[in-house]
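One structure coming up, written as structure tokens, with questions to follow.
Each chain gets a letter, A, B and C, in the order it is written, and its residues are counted from 1.
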Amino acid sequence: MIRSEGLVRRYPGFELAVEALEVPPGRFVTVIGPSGAGKSTLLRLLAGLERPDRGRVELRGRAVFLDQDRTALERSVLANATFGLELHGVRRREAVRRVRPWLERVGLADKLAQPAASLSGGERARLALVRALAIEPDVLFLDEPTQALDPGNVDRVEGLLREAHAQGRTIVLVTHNLYQARRLGQETWFLLDGRIVERAPSERLFLRPREALTRAYVAGEMVY
Amino acid sequence: MKKLIALGLLLTAALAAAPLRLATTTSVNDSGLLEAILPGFTRETGVPVQVIAVGTGQALAIAGRGDADAVLVHAPDLEARFLREGKGVAHACIAYNNFVIAGPAADPAAVGAAADALDAMRRIFAAGATFVSRGDNSGTYHREQALWRAAGLDPAGRPWYLESGSGMGATLTLAAEKRAYTLTDLGTFLFMQGKVDLAALFDRPDPRMLNQYGYMAVNPERFPGANREAAYALRAYLLRPDVQQQIGAYLKDRFGRSLFSPLYGRCKVEVSP
Amino acid sequence: MTLAWAEVGEIAARSLGVAGAATLLAALFGLPLGVWLGSRPRRGRMGAQVVLYAGMGLPPVVVGLLFYFLLSRSGPLGGLGLLFTPLAMVLAEAVLAFPMIAGFTLAAVRVRAEGVRRLVRGLGGTERQVLATLLWESRRPITAALAAGFGAAISEVGAATIVGGDIRFHTRVLTTAVVLETRKGELESALALGAVLLGVTLVVTAVLVVWGERR
């Protein structure tokens, strides 16, 4: 569960300010908006990775934040996959046992000993997701997990996210891809210039937006 | 194999007794003299000797701070001052040889024809022949300065007067490369003779060219941490007739003359506080 | 060649031991400092960066002289009786190796700090785990840092001469032995010792590189 009150975060030439937000356990929220709207900043504030200038965030359960970097550590694929679990005190041997099925499912089982740096972009995206999901977090924050991926890889990543959601995990996903936001989300927030313009059940927001700005954005008429 | 045995003996001895630290000059050490006579001392007393070979000035500075137990140097006036300042005790004259003026065999300043040492220095000065000075605080440098002074000359700043700032061996090498004159102790010169292209141009008995090596223990009252017993034991050992003979015989076969002539404790130049 | 090979081996072993110990001592302090500074924001580390990079140019003779006064019987730490011992050489050479190790570690960690911190904190790790991960992720360039520190320690002669005294069987190392042989005009011996010095440095560096490059 995530709850926030009166969050404000200022940078030179930019201010993010959002009213009270609440994400109940098991909810899948997608966050959309043009570049520079403050989506990543909001995500980092909710995940507790950045401190707000004002307001407060309450986050219950084990949370994991997956950024856009898909950072591959200078180690083997297997060591990258177990890294998250090991951060949480799981012994190497046990961690290997737990990540193996994940790696098999995402098609990396035959590359365990390879250096992670040798993987393709799509493989690195899957590896980063496995590294996070293996921790079995209650809350999952994702910043553009499918950016620059081919359709096949997008499909695999989305499948893993759906499954995580089905297992009861709370997910907040930032994406540029409006179709993805609609496909995956139960609830969607539209962010513009540091403000939440509209938040609503995803179907409704895309089909019957109440705000003119939302309507213009989802119709592809807003030029940024 | 011999060296290995010597090494083994030294290591065994090192476990037995506190080492004696001897600050001395490069001329004594680099000729190999100490490596020839000190193992005998270690065998008899069980005291290993740690030799620090530097210039006379630095050797006295090290001992003057209590960082060595004894010194073996060759600058009578500096030794006298060391005694006067209460830093050293039990001075003993161990050996002597003479200083030599070395230079290019062509001898452009005709040093070989000099009547005495001062005349030799005057010839170099008058000819403006290149001369390499140690330029450090070594015993040899002190003697060179004393010679210029006695001749009433001051070479400082002359374009032909070079200061090497390094040890005797390096200075000889430099002098050979520059086809220059230099003042050197006999031991180092003989040792380097085959390796550098220099001739001994003034190598005659002359009281001004006397090179006397003196031994002192550091004052144990001033430096309570000093290894007093070992310092006195080495003094007695060095003055023993058989060891004095050994010193005189060192490399005599190879060079046809003594590198270091024994003094049996009788100084040729008085060293008094 | 007037030097027995047995003695050359003894001198080389001491060189390796002294420089190795100095490198380890310098790494003990230099690695944590380098990692910590490298993970700081720019403002918090620039001053230290200037000091460390300038420290890479520390003249060994000056460091040796400072340790001489420090360790001399008439100096503040004279009571320890460390002057003219291998340990004194280790201390002086550690001071020379320290800026290399800390400085190169800092430079290596700096470029990785942001990404690693985002990853580790994002996965729920602590700041301490960020630093540990940075250390391990930078192991290859840190290998170079250690090699540079070892190289600085084993190749210097100024400090070794002043605080070691070039005492045979006690503090004579390859560099001081090269100086001695040169002074004696034994240029072939000096050259052979120089070759041994290069060989030792090469082997140690090779070990470090192989260790750093393994998967």
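In this text, contacts are C-beta pairs under 8 Å (C-beta built on N, C-alpha and C of every residue); 3 or more make two chains touch, one makes a residue touch a chain.
Since this is a predicted model, take the numbers as computed values, not measurements.
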Using the contact definition from the top, classify how the chains connect: line, ring, star, complete or other.
line
Hey, which chain is the most central one here, using CA centres?
C
Most distant chain from chain B by Cα centroid:
A
Centroid of chain A to centroid of chain C, CA atoms only: how many Å?
46
Distance from chain C to chain B - Cα centre to Cα centre, in angstrom:
36
Can you compute the centre-to-centre distance for chain A and chain B, using the mean CA position of each chain? Integer Å is fine.
81
In the complex with chain A, residue positions of chain C that touch it
115-116, 118-125, 129, 133, 137, 139-140, 215
Complex contacts: residues of chain A adjacent to chain C
47, 49, 62-67, 69, 71, 73-76, 83-84, 87-88, 113, 115, 131-132, 135, 137, 141
Which residues of chain B touch chain C once you look at their complex with the stated criterion?
3-4, 7, 10-11, 19, 21, 26, 30, 35, 48, 50-54, 65-67, 166-170, 172-173, 191-192, 195-196, 223, 225
If we count contacts the way the header does, which residues on chain C are in touch with chain B in the complex?
4, 6-7, 10, 72-75, 78, 81, 83-84, 165-171, 180, 182-185, 187
